[in-house]
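Notes follow the structure.
Chain naming follows the written order as A, B, C, D and E, and within any one chain the residues start at number 1.
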Amino acid sequence: MLFGKIVGTVVATKKDPKLEGLKLQLVAGIDSQGNPAKGYVVAADSVGAGQGEIVLYATGSSARQTDITNGKPVDAVIMAIVDQWDIDDQTVFKKH
Amino acid sequence: MLFGKIVGTVVATKKDPKLEGLKLQLVAGIDSQGNPAKGYVVAADSVGAGQGEIVLYATGSSARQTDITNGKPVDAVIMAIVDQWDIDDQTVFKKH
Amino acid sequence: MLFGKIVGTVVATKKDPKLEGLKLQLVAGIDSQGNPAKGYVVAADSVGAGQGEIVLYATGSSARQTDITNGKPVDAVIMAIVDQWDIDDQTVFKKH
Amino acid sequence: MLFGKIVGTVVATKKDPKLEGLKLQLVAGIDSQGNPAKGYVVAADSVGAGQGEIVLYATGSSARQTDITNGKPVDAVIMAIVDQWDIDDQTVFKKH
Amino acid sequence: MLFGKIVGTVVATKKDPKLEGLKLQLVAGIDSQGNPAKGYVVAADSVGAGQGEIVLYATGSSARQTDITNGKPVDAVIMAIVDQWDIDDQTVFKKH
């Protein structure tokens, strides 16, 4: 899993029927220091993350292991909202 | 999933029998700001996207979770046509 | 899927028994303009592609969805020989 | 599999229910010479690795082949703690 | 699949129980010209490759399609020892 920041939402009316009802979030990459990183991903949201939140997302077939993504053509899912992480016992990120 | 732009169609007469009838689109990479990005992918089209449209595509085993790609040797599928996305409440892309 | 060019064949006598009889092609990367790109892949050939031909290959679990690769430890398969592709209605590649 | 170093732990209270009880470790990349490499991954821990330890992690669907990750939306798992490795018969890393 | 060179062996005593008995080889990347390439992978060995040998390895779920890796948390497997390959009818590598 990788860290990401929710920066927006993607609207798509015409889509595969299995995607109906799924919220698609635009997730910007975050490095292990909590800084912006290259890249982005559009991910299904299984945890109700809000804009600006730092999340963990999983990709590939693992993205289909949640109740809302099971059997659907999505290759990325937000599966956790991050509260905090440390590196070498120093807090790098702590949710306000 | 990632954003892409449909730039063309790929013609292949000699192919694995399971690919018969699948439309293979050439998709150019698009970054989160809607600008051209490095890279491309040839993807099966499950939504009838037209040239110039901005789409979402999924890769890997997730690309086989649509009715038209199920069990077939394709590793990328277009699963949505994008209408709009925002970053930090600013509209980045809006379909004409 | 990505474009590639068949540049050679790989000979391997000592191999996993499931690979017996599979032809392993050396595929050089091709970008969307038809030019050589970085990287290569060794792929099983499900379509009888010949040296110099431009092909499409699929990777990952999708590479095991052909009759010849089903259940085998291969992560790339040539699943089509490309006849032509266009970008913005200009022909980029056309097979001779 | 790749080498990594456990540098911290990730706390996430709000998460997919299947993740309850899983320990999520922050793993920094390590190259084949044992030096820090670019990149990181957040991985489930199937072996009880401690901070500072050098581990092996697997990604993708292979990350779900342990008893603790089976069927869960995780795409990386720590599956071994490394004791030693050599390159050309020179010891590159040996656990203290 | 990609070419690699066996450069060493990885020792890990504490590991997921499913890994017991698997030999984990350290594989250095090789490009299509037979030269060292960036990157490495630690792979399970299904063919008894020895140090210095040039091999093919497969990654992802395909790495679990051998008898020794079936159902195990490994994402890379050595599935062939390379005897020879050619590019444009010139021999690039030939095993001694």
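In this text, contacts are C-beta pairs under 8 Å (C-beta built on N, C-alpha and C of every residue); 3 or more make two chains touch, one makes a residue touch a chain.
Since the model is a prediction, treat every value here as computed from it, not as a measurement.
Engineer: If we look at chain C and chain E, which chains touch each of them?
Structural biologist: none
Engineer: Quick one: chain A and chain C, Cα centre-to-centre, how many Å?
Structural biologist: Computed from C-alpha means, the inter-chain centre distance equals 33 Å.
Engineer: Would you kindly tell me how far, in whole Å, the mean C-alpha position of chain E lies from that of chain D?
Structural biologist: For chain D versus chain E, the centre distance works out to 20 Å.
Engineer: What are the residues of chain E that contact at least two other chains?
Structural biologist: Answer for chain E, listing residues that touch two or more other chains: 60-61, 63-64.
Engineer: Using the contact definition from the top, classify how the chains connect: line, ring, star, complete or other.
Structural biologist: ring
Engineer: Can you list the ring's chains in order, from chain D toward chain E?
Structural biologist: So, from chain D then chain E onward, the ring reads D, E, C, B, A.
Engineer: Give the list of chain E residues in touch with chain D in this complex.
Structural biologist: Within the complex, chain E touches chain D at residues 7-16, 18-19, 24, 26, 28, 40-43, 51, 60-61, 63-64, 71-76.
Engineer: Write out the stretch or stretches of chain A touching chain D in their complex.
Structural biologist: Touching chain D: residues 1-3, 31-32, 46-48, 56, 58-66, 69, 77, 79-89, 92 of chain A.
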